[in-house]
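Across the two complexes that follow, chain A remains constant while its partner is chain B and subsequently chain C.
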Partner chain A sequence: MVLTAIQSTLRSSTTYQQLSDRVRYARQDLSGAVPSIPGLPYLYISPFFILFGIFLMFPAAYTFYLSFFDYVGVSNNILLSIQMGPVVISIPEIANLEFVGLNHYERLIFRDSLFHRSLFNTSFIFLVQVPTMVILGLATALVLDAKFIRAKGLFRTLIALPVATGLVAYSTIFLLLFNGEVGLVNYVLEQVGVGAIPWLGDGFWARITLVIAVTWRWLGYNMIILLAGLQTIPEPLYEAAEIDGANRWQKFRYVTLPQLRPVLLFVIVSSTIGTFQIFAEPYVITGGGPSNATITIVQYIYNQAFLQLNLGYASAVSVILVVLVSIMSIIQIRYGSEE
Partner chain B sequence: MAKIDITNLRKTFGDDGEQIVAVDDFNLNIRDGEFLVFVGPSGCGKTTTLRCIAGLEDVTSGTIEFNGTDVTDKRARERDVAMVFQNYALYPHMTVRKNIGFPLRLSTKQTSEEIDSRVQNVTELLGIEDLLEKKPKELSGGQQQRVALGRAIIRDPEVFLMDEPLSNLDAKLRSTMRTELQELQQELGVTTAYVTHDQTEAMAMGDRIVVLNGGVLQQVGTASEVYRSPTNEFVAGFIGSPSINLFTAVVDGNTLTGPGGFSYTLEDESLVAGRDHVRVGIRPEDLTLSESGSLPCEVTVVEQMGNENFLYGKMDDIDITARIESEIRPSEGSVVEFGFAEEDLYLFDAETTEALKTKTGETDIDYDQYTQTKSVS
Partner chain C sequence: MHTQDKQEALWKFGSYIFLLVVTALVLIPLYWMLVAATIPQSEFFSWPPQLIPGTYFLENFAALQENVDFVRSIGNSIFIAVTYTILSLILCSMAGFAFAKYEFRFKEPLFYFILATLVLPIQLLIIPLFLLMVQIGWTNSYLAVILPWAANPLGIFLMRQNMKAIPDSLLESARMDGATEFQLYYKIALPTMLPSLAALAIILFLNQWQAFLYPLVILQDPQMFTIPLALADLVGQQRVAFDQIMVGTSLAVLPIFIVFLTLQQYFIKGILSGSVKQ
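Then we have the complex of A and B:
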C-alpha cells in the first residue's frame, strides 16, 4: 500500500516525467526524438533514382526510339501545352523527327560498307586484344602471387598504374611513341636490327598499335582482379594436389584454373564489353585511319551523330552494338559457367 | 609400408630478424605399420612435424628417412605419402569419383577403367559408393571425411599422415570415425602418423603416443606408459581426463606439507631427500574419500556422470578434482578429506619439473599385450 502510494506520487512529478523521457529516448537509440514522416526513407534514396532516370534510363530509351526516325533539324514546335489559368506550361519538341521505320537497320545490315568495316576492325581488335590481355594478365598475376617474388607491392602498383592515366593523355603518348619517323619504338627496333614497322601507316599494324595501347592500359586492372582471385584459392588444395602427385602444370590445370573460373569469366566479359566500346584510342592515335582501317563501331557512331548529325542513324548503330555485346556476353556466361 | 626415422629435426619460421622455433632437436623412430599419434596443445609443433614428414615444409636442419632412404630433400609428391587434412581439402569442382581417382590419374599410367574400378573398391570399403557423382559441397562433414580418406588410401601409399582429421565432426560421429579409422589402419597395415590436440583421442587410437610441447618432444610411449609414467609434469598434466591435481609442497624430512592443510608422510623418504620443495601430483581417480585423509578440500561443484561423480573443489587456492562413487554427493561448501595410496602418488622436481616418482605397483602388466587387446575390442 505504502509502496503504491510512493510510486504514484513519483509518477506525477515532473522530474519523473523528464527522467522517463530520457530513458525512453536512450532506449530507442534517440530515434524517438526525431519526428517520423511517412515515406521519408524514400526521399533519402531518391537522388540515385532521379539521376539514374535522367542520365541513364531516359537516354537509353530515347536512343532506341530515335533509331526509327530521321533527325531533320531543330524544331520550334510545341509538343505539349498545358493551360492552367494565367499560367501556361509548354514542352517544346526540340528535335524535328521524321519516322522511317526499319530503314536504318536495313541500310546498316545490308548496305553500309563503312559500318561493316568498323565491325570488322572492332572484332579484329577484340579477337587479338582480349585473349592476349587475359593470358598476360593471368601470367603476371601468377608471377606476382609466387612466394619468391620480392617487392610485390611495387610491381603491382607499377603494372596497375596505367589504368589511372587519362585516356587522351596516354593515347597521345602512344601516338608519339609509334610515330613512323620520329617514334621511340621504331628507333629501338632499328637499333636492334629489326627495322622500322609502319605502325600507323599500315592498316594491320595500326590495329596492332591499338591492341598494344589498350593492353598496356588495362593489363594491370585485370591483373589485380585475377590476383585477388588467385589469393582466394585455399592453400590446402595445392598441398593436397602436391601430395596426390601433381606437378606445377597439373596444379595449375586442376586447381588454379577451375577455382579461378568465375573470376576469369568476369575479366573476359568485362574486357569484351570494353573492347567493343573502344573509342578514344582510335580517335586520338589513328584517327580511324589509314583509310578507315582502324575505325571502330563507337567511332563510327560518333562520326554519324556529331559530325554528320545523323542522330537517328547513329542511334540505330548504338542499338546494334548493344545487341552484339549482349549476345557475346550471354555466350561467354553460358559457356563459362557450365558445371 | 615404411618405417620412418627422424633425426635431429629442427624447423624454424621467419627470416633473419625474428625466428620462431616450431620444432627443435626432434628424434623419433616410427615403426613399420605403426599407428603413431602426435599430441600436444596448439602451437606445440605437432602439425609442423607432420608437414615435415609429408614434405610440405622444408626442414631447417636434420634428416627424415623412409625405410633407410633419406627423403629430407624430396618433394611431397616424390615421397609416396598420403595425407588427410583437417578441412579435408577436397577439390570443390570435382565429383567424389574424380576426387578419389585424382591421385591415380596423376601418378600412374592406369587406364580410366582400371581407375574407375579402384575408385569403386575404395568407396565400397568406406561405404560411400552411392555418393560418387556428388560434389563435395553436397556432402555432410562425415561424408567429406570419408572421401578424403578414400583419396588417401586409393594410392596404397607408404605412409598415411592425418592432421586432426576428426576435429570438424560432431562428438558422436567423431567416436564412430575413430573406431573406423583404427579398423581401416589395421586392415591396411600402413604406417600412420596422426596429429590431434585431444589426448582422449590420442590415448584411444595410438599404438604409441608422442607428446610434444613448445616444439620439444616430451615423451614417446604407449597410452599406459604416458599415463602411468610421465617423464615430467607437463605430460602428467596433459594426459588423463579429468587432469591430474598438481600443487607445490614443502618437504620436511619425510613429511610433505602443502596449501590448505595438505599433509602427507612418505613411507620412502629417499624420494625427496635433499629437497626443500616438490611438485605433488595425484590423479582424480586415485583420490578416495576418507575420515582423516591428508588432502582436505572444500566442495564447489559435484557433476553427476551416472556411473560416477566428478567432485570439484578447492584446497586453499588450488583446484582439486576427484572421481567419486555415484552414490556420494557431498553438499557444496562442505569440507571433505581425501586419502590416496603412496604407489599412486606422482612427485616432480619443483624447478625442472622432471618426474621423481610416478605410479608404482602393478608393473607386471605387459603393456603391449594390453594395448593390443584393447584396440581389437
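Then we have the complex of A and C:
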C-alpha cells in the first residue's frame, strides 16, 4: 500500500520525468558503435588519483615518516618566514634528520602534559559542541521543514551566512563582541541585569566562547544538510502514521528519526572531525589562553611545527590525532548504523 | 476539536518565535559587522557600543583599498575559487561516476581509503606541500593553491552517493542506442546530476573562498593575495585596522549572499538527491 504510493509519487516526480526525457533525447542524438573500453573506470578515476596522490597522499606519507625523526641541531637555513597579523610561521630546510624511533610517541603519551592539556580541552569542546550543534541544527531544520513557514529561502540563507565569513573576519568579530570591558555581549548582559561574564579571561568561559563561535559559524551548514535529509523522507510515510493516529512526537520518533539516521550520522561524524581539528578559533580568539585553558590539539601541532620548528614531534602529534579521529568515526558509524 | 485548533496555533506561533530568535542570534554579529564597517575607527570602542550604521563606509573602503589593493584581492579570490571549483567538479564527478556505476578491482578499498583521508588535518599537510612547491618552483602561483585540494574526498563521496540514483536501465538503453561510454558520462550523468553539482560547487567555492593557512604559506607576493590574506595583513603588530577589516569582510560576504540566495533551492535538493540511505 505504502510502497505503491511511493512508486506512484516517484513516477510523477520531476526527476523521473527528466530522466525519461533524457533517454529520448539520448536516443535521437547518439549514434555510432559502442566500443567497450577495457579499464575504462580507471580512466575516469585516474585524474582524481593523480592529484590525490601527489598533493594529499605524498605529504601525508611524508608526515608519517617524519614522525620517527628529529633534527640534529637547529637548522639555520629558514626557507620561509611569515609574520603577518596574528600569524607567525617559519619553515626551516629539512636536513640532518636523526632516526629516533618511537621516542616522540612515548614522550607524547606518557610525559607531555601540555599535549594532555590540549587533548582535554579539545575533548571538552567536542563533548559540548557536537550535541549542541546537532540538537540546534535539527530543531532549526525541523521548523524550517514545516509547511506553514513562509520565506523559507530567506531564513535558510540568513542562517547559513556565517559560513561565508573568513577566518580573520570571523575571529575579529568574536574577539570584539566578547571583549570583557567594551564588548557588546557584556553590555547587553549588564543591561538585562545578568552582569558581565569574563568570557576570555576565565578558562571555562573561554572554552564556552569557542563553542559559541563554532556553533554560530557552522549551524547553517549543518541545518541545510539536515533539511536536505528531511526532504528525502517520503510524504506517504507521514500520512500512514497519521492514519494510525500518531501524534507529533510519535511521528518524529518513529518516522523522522529512523529515516534521518544516515544524514544525522553524517552530520555527527563530520562535526566530530571538525571539532577535533579546531584551530582558527582558539588561535585567534583566545590565543590558547588563559594559561593554556583553550589550547587545542591542532593548535599544539601548529606551535610545535611553525614556532618551535619541531617538525618531527608535530608530525607525531598529527599521527595520534588522525588515529584518534578515525577510531571515533568508526565507533560512531558502527553504533549509528545498527538497529 | 476547538482545543486541537488552539494547540495547532500555539505550535505554529512557537515555531516562528524559535526561528526568529535563532535567526536574530545568527544575524547580530553580522549586523554589528556592518555597523562597524560604516563608522570611523575612533567610535569603535565607544561605550555604550554603537548600534546604528554610520556614513563612513566609503571613507573606510578608500583607506582599505589604499592599504592593501583590495580590488586586486577580490579578483585573485574569484579567479582561484572559480578555477578550483570547476576543476574539482570535473575530477570528482568523473571519479564519482566510475565509483557509482562501474565495477572494477579494488573499487571498495580505494573508495574507503579516500574517505579515510577526510580526517587528515590541513595543518599537517602544509609543510610537506610547501616543500614540494618549493621543489617544483610553484610558490607564488595560482596553480599551487588551486591543485592540491581539487581532488576533494568530500566531493567524490557526494558524487558517488548521488550518482547511484541514476538508473542502470537508463545507461543500458543509451548504450544500446549506440552511445559511447564517455557520452554516458557527459550526456546523461552530468545533466541529470545538475542539482548535486550545484550543491557541491557551493561547498567547494566556499572552502576556497575562505581558505587561509595554506594560501598564506604559498602566496607571499601582495599582488597574489586572496581576500583572507589581504584582511590578515591589516592586523598589524601595533595597530589593528578594525574598520577596514569590517569593510573588507562585508564585501567578501556579499557575493556569497547573492550566490547562495539564488542557488540554495538547488543546494537543498542536490546535496542528497541520490540514495544516502545506502
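Simple rule for what comes next: the second predicted complex is superposed on the first by the 265 of 339 C-alpha atoms of A that agree within 3 Å, B and C clash if a C-alpha of one lies under 4 Å from a C-alpha of the other, contacts with A are read in each partner's own complex, and residues count from 1 in each chain.
Basically, contacts are C-beta pairs under 8 Å (C-beta built on N, C-alpha and C of every residue); 3 or more make two chains touch, one makes a residue touch a chain.
These numbers come from a predicted model, not from an experiment.
S.K.: Give one of first, second, both or neither to describe whether A:F110 is in contact with chain B, with chain C, with both, or with none.
M.R.: Once the two structures are laid over each other on A, A:F110 reaches no partner at all.
S.K.: Scan A:F48 for contacts with chain B and chain C and give back first, second, both or neither.
M.R.: A:F48: touches chain C, not chain B.
S.K.: Between chain B (first) and chain C (second), which, if any, makes contact with A:E242: first, second, both or neither?
M.R.: A:E242: touches chain B, not chain C.
S.K.: State whether A:F99 touches chain B only (first), chain C only (second), both chains, or neither.
M.R.: Once the two structures are laid over each other on A, A:F99 reaches no partner at all.
S.K.: With both complexes overlaid on chain A, does A:V255 touch chain B (first), chain C (second), both or neither?
M.R.: The answer is first: A:V255 touches chain B but not chain C.
S.K.: More residues of chain A in touch with chain C or with chain B?
M.R.: C
S.K.: Intersection of chain A residues contacting chain B with those contacting chain C?
M.R.: The answer is that chain A has no such residue.
S.K.: Would you pull the chain A residues touching chain B in the complex into a rising list?
M.R.: Against chain B, the touching part of chain A is residues 234, 236-237, 239-247, 250, 254-255, 258-259, 261.
S.K.: Okay, in this complex, where on chain C does chain A touch?
M.R.: On the chain C side, the touching residues are 11-12, 15-16, 18-19, 22-23, 25-30, 32-33, 36, 45, 47-49, 90-92, 94-95, 97-99, 102-104, 107, 110, 114, 116-125, 127-132, 134, 147-151, 156, 166-167, 170, 173-175, 177-181, 183, 185, 187-188, 191-192, 206, 209-210, 212-213, 216-217, 220, 227-229, 231-237, 240, 242, 245-246, 248-249, 252-253, 256-257, 260-261, 264-265, 267-269, 271-273, 276-277.
S.K.: If you look only at chain B, which of its residues touch chain A in the complex?
M.R.: Counting only chain B, the residues touching chain A are 54-56, 75-77, 81-83, 85, 87, 89-93, 102-103, 106-107, 151, 155.
S.K.: Flag every residue of chain A that touches chain C in the complex, lowest number first.
M.R.: 15, 18-19, 22-23, 26-27, 29-37, 39-42, 44-45, 47-52, 54-60, 62-63, 79-80, 82-87, 89, 91, 94, 136, 139-140, 143-144, 146, 148-149, 153-169, 172-174, 176-177, 182-184, 187, 216, 219-220, 224-225, 227-229, 231-232, 248, 262-263, 266, 270, 273, 277, 279-280, 298, 301-302, 305, 311, 314-315, 318, 321-322, 325-326, 329
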